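Below are two complexes that have subunit A in common, paired first with subunit B and then with subunit C.
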Partner chain A sequence: MALPAEAQVADDPVLQVRDLSIGFRTPRGPVAALRHVNLDVPRGSIVGVVGESGSGKSSLALAIMGLMAGNAEILGGDIRFSGIDLRRLPPAGLRDLRGRRMTMVFQDPMTSLNPVRAIGRQMIDIQYREQNLSIAQKRGRSADMLRRVGLPDPEQQLDRYCHQFSGGMRQRIAIAMSLLEEPELLIADEPTTALDVTLEAQIIQLLRDLRQEFNTSILFISHNLGVVAELCDYIVVLYAGEVVESGPVREIFYRPAHPYTQALLACDPARLDLVQRELPTIAGDVPNLMRVPTGCVFRPRCPKAFAPCTNVPPPDVALDDVHHARCHLLTDEQDG
Partner chain B sequence: MSEIPAGPGFLRLLGQRLRNDPLGLLGLVLVLLVLFCAVFGPSLAPYNPLKLAVLDRFQSPSWTHLFGTDNLGRDVFSRVLAGTRIALGVGGGSIAIALSIGLMLGLVAGYGPRWLDNALLLLFDSVYSFPTVMLGLTVMTLLNPSIGTLVFVIVVIQTPAYSRLIRTATLSIKTSEYILAVRSLGASPPRVLLVHILPNVIGPLFIIASMDIPSVIALEAGLTYLGMGIPPPAPSWGRILQEGFDSIRDAPWIVIAGGIPLIITTLGFTFLGEALRDWLDPRLRRVI
Partner chain C sequence: MAEAASVTRPSPAAAEAPLLAVENLRVRYPMMGAVRAALQGRRDRFLDAVLDVSFTLKAGTTLALVGESGSGKSSLGRAIIGLVPIHSGHVRFLGKEPALQGMTRDYRRDVAMMFQDPVSSLSPRRSVRSLITEPFIVHGLSRRDLAAEATRLLALVGLPADFASRYPHQLSGGQARRVGVARAVALLPKLIIADEPTAGLDVSVQGEILNLLTRLQRELGLSYLIITHNLAVVRHVSDETAIMYMGRFVEQGPTADIFAHAAHPYTVGLLGAQPKPDPDRRRDYVALMGEVPSLARRPSGCEFHPRCPHAQELCRREVPPVFELSPRHRHRCYFPAATN
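And then the complex of A and B:
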């Protein structure tokens, strides 16, 4: 990655999330799902968000899209999309951006398409903004987009229903729908988790090709480090609702700074050097977000925890321009 | 334009299903018969159903008067035929109105804000909690008994059931991933509701409604029999039954002739509704 290009994209990120905090109201009390999250998606790049289940990945995606559940609220921070402050945008303005300039693909292609409408009708319907196009033209555009995501015989496929397609095909259709208006940002929430490995590889390749073709920036949410390493330019590691480390993919994989990232990489079966009997795991559980631990969120599980971790929240340490991590060890290293 | 293959395929499918479901076929035939009588009955009737012929009163069934004559000498067969139109008009019409209102309120309750949902639910439950016939009798007593009032009563009684059905279906669909997906593609609330949720919830409603038509016709007959339905001299089935009951010892054919079409209609719509429920079940449809 050449430096000048980076400097240029840094000026105009498609998505800029600053200090974002999200809470859920539940019958048993508030849950602090995301705390002080920072995230940049430079134009034309693919940014991976990695984290365990419950780390707040999907909440982050839905917050950006403005589609949070009724009991969720943004407690603070900014979400800027191409310079537009999404939090100050009225619902109609946000709706206008959705589908046209930013779209989302969901985890399970089995449930993300309407079962009672032919996919052609769904695709024609979501082009409702194009008032000067005829139905036939919209149909043509839909078929064209299906061809571009690799669906054979798109004209015939338009009259079929989603239950007549396989999982991989459905995810291609969902991706085609989200790309119809050539959005600037595509949020993909674990788009390959429900698919088998062969299909996963195909969808990853498809996303990479589409980024080239449409220059769409992608926020790729996953718990699969291998997939993220293969596809993304940047990585954001989310743990228990906090960004613990973020940076270019090579930096994260070759010089992980945060103990959580290090532990995560050590658990990746694809990276094991030897054939080991047992897969390493990270001991302990993700903390209950109704009672966020004081100090560092990872302390209860961290093998390297020491005195300040218990009650002082670790600072965001910039290891270089783009590589950040939140850990007390890093400040010590720098001090010493 | 894109739906051309759906037509013949659907009819062929229907034919295939009919052959495998004799009860459903019987229901269809009975409903068609009733519909036929409702449309062509008045022109087929051998006599004017309202014309009095006091000299011919209480004639037993014969070739001149197929179902005999009643206490005023009117031809019972002609009255039964003419009653079909009233029964279907009141039954079908009021169900159609109740269905439209119920669908609308149900969608709004299911998709709208919480407070509106609670308010509508309270309303539905209040109406629901009245015993049907008591509610009908009360309203018919307070207002003038007429076809319009009867339709109003039936709409009031039936709408909450449809609203609740649609509300529940909407609630379960609105949080599904494909609704989130179309919202992420920029769909506005009315678009989500009408284009994506409505086609998903409307199927069961039609089936329930088709099975409700006979019970509504029976309610009409019941209220009329109790003297609070359609006022005389309109030849509704309930009226025929009520008048026949007064002379059941001397002329039992009047009650029989008034009851048989009620039975035919009830059986026809019930069989057809049950068959429709089986035919439209998506799990069965998916096999094809």
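And then the complex of A and C:
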């Protein structure tokens, strides 16, 4: 299994999602946002969830954190965090985990940080569970954490407000806040999308260093294949609410099995060696999830679709013990 | 034949007559009022967003303007189209200087703008038909058959005709982008300034929008000024590239030259910072540390020296002039990388 030595993987996964289905009630009818999703985050690893807009990446993250919108509903399946069944946990139990053992970093720190409270106050506030620590101690811990994410003069920074920081610094602060309680699982939802590439590179490096330092597992949600390739150990490819392929990062990038993964990789202009004016695309649109296509969800856009794809949902084919893909072509290959 | 052609060929200057020529352009914004500046004893109360920028754009070609947030690339685009005032320098379009003539209606027809965020630049209360025919009404062409124009424009940008009655909230990001393209090409402009045309789009949709722009360039003879921070895209779609840092062009030239032998350390750093979609090729992290300094505290000498791995005493003292590697490939660095 292609996993770097620094990731100490224990047997029990930090996060285990099994057969998870989520629906949204809308005035125009139910939307099947996620269908039968399986996902494992092994302890100490970084797992990337890749997909286009509307593929259900953020719904998945919010479902794990128990932060789903009011009209969303878990229709079936299990979410286990360190062996704890999150669906059967009372709200108080979930609150105890959230922000302490599992935390989240959002895309836009300008909207996730409180604009009218100095960042030091916010960092002290989130340590409300530590009743044995004085305010001064909590402040000291906050300054330490800011230093570890690379903010110069952390003591002075604690009294500033989030509008006084640049975008890259704000995201560092958000990451510092998420790591204050040394969580087992950090969910990062597109944390670098709003940043310039130079800052993105610095944030990715920071996440990689922090993973080693804290042995935190990270579920990293992104639509950027380049970022996922360099940061993650495992990749889960979501398309229209279904996991179409999952496996170790090198398997996905060097031996993509699902036509959608192949098309997605082919579309990335950074992967084209020769300069070309006409860029590859994936023809067609993401299906409307109020009317999920029968059979394979990618069939309307798939260049390799054949008869069974129209009405038989493709099975989850294990290419090896960690690389899975849902495609009829793969069953064919195995039979032949 | 070839000899005859060379004899009758007009002088190079006339043959190369550019569509757009920008000379020593400077755009500045006031940081504070005159009274406050006087009270604080500040001699300079302005921020220079664009500083001493010169370039030409030939008809039918694409120039990509690349830089980090705050590098002044959007200010430059807006100054060309007249949305922010020019402090000094010249913008010449087909030999005329529109700023001196009060940005005539003809100029506004010839130069169109595609704004960064299509969803927020489209009025949420107007239908797609009304949005894409608005340019005709603004320019007093409302006697045309607007319904027919709407159908024509939708077909041109690859949207089904029934989208005319939709509203912006019913569009996906890529579809909203197409509506933005339709608005920009409605009056058959000569130049389109596209501010981050693919920001926030998925890779597959990004390719579709860029292919649409390429096709329209071929069919309508458009020129583009594309403002972006995505170098992976620039490499494929632009003829020339200019790299901007703190308001200056630190390097400009044919796109292939910039990518093959970047001269300025900032260009080298930006290229190195691009994510590499390959698990075994890591991007170069040491290349560019830190962030762009505030424009209010512009570093002395070369603005890039606080982040530059090769900075020398000279760089801290003197603003580098423009050096020419070839007539079209120019940079502002005393110690360029590709001086082989």
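Just so it is clear, the second predicted complex is superposed on the first by the 326 of 336 C-alpha atoms of A that agree within 3 Å, B and C clash if a C-alpha of one lies under 4 Å from a C-alpha of the other, contacts with A are read in each partner's own complex, and residues count from 1 in each chain.
The rule we apply is simple: contacts are C-beta pairs under 8 Å (C-beta built on N, C-alpha and C of every residue); 3 or more make two chains touch, one makes a residue touch a chain.
Bear in mind that the values here come from a model prediction, so they are computed numbers and not experimental data.
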When subunit B and subunit C are modelled together on subunit A, clash or fit: fit
First (subunit B), second (subunit C), both or neither touched by A:Ala143: neither
Touching partner for A:Asp268 - first (subunit B), second (subunit C), both, neither: second
From subunit A, separation angle of subunit B and subunit C (C-alpha centres, steps of 10 degrees): 80
Which of subunit B and subunit C A:Phe253 touches, first, second, both or neither: second
First (subunit B), second (subunit C), both or neither touched by A:Val244: neither
First (subunit B), second (subunit C), both or neither touched by A:Glu200: second
Touching partner for A:Asn224 - first (subunit B), second (subunit C), both, neither: second
Contacts of A:Ser178 with subunit B and subunit C, given as first, second, both or neither: first
Touched partner set for A:Ser53, first subunit B, second subunit C, both or neither: second
After fitting on chain A: smallest Cα gap, subunit B-subunit C, Å: 9
Subunit A-touching residues of subunit B, taken from the complex the two chains share: 1-3, 5, 114, 176-178, 180-188, 191, 195-196, 199-200, 282, 286
Residue ranges of subunit A touching subunit C (in the complex, touch as defined): 52-54, 166-169, 193, 196-202, 205, 223-227, 229-230, 249-250, 253-254, 263-265, 267-272, 275-282, 285
Residue ranges of subunit A touching subunit B (in the complex, touch as defined): 65, 67, 70, 92, 95-100, 103-108, 111-118, 120-122, 125-126, 128-129, 135-136, 139, 158-159, 163, 174, 177-178, 187
Residue ranges of subunit C in contact with subunit A within the complex: 68-69, 172-173, 200, 202-208, 210-211, 214, 229, 231-233, 235-237, 255-256, 269-270, 273-280, 282-283, 285, 288-289, 291
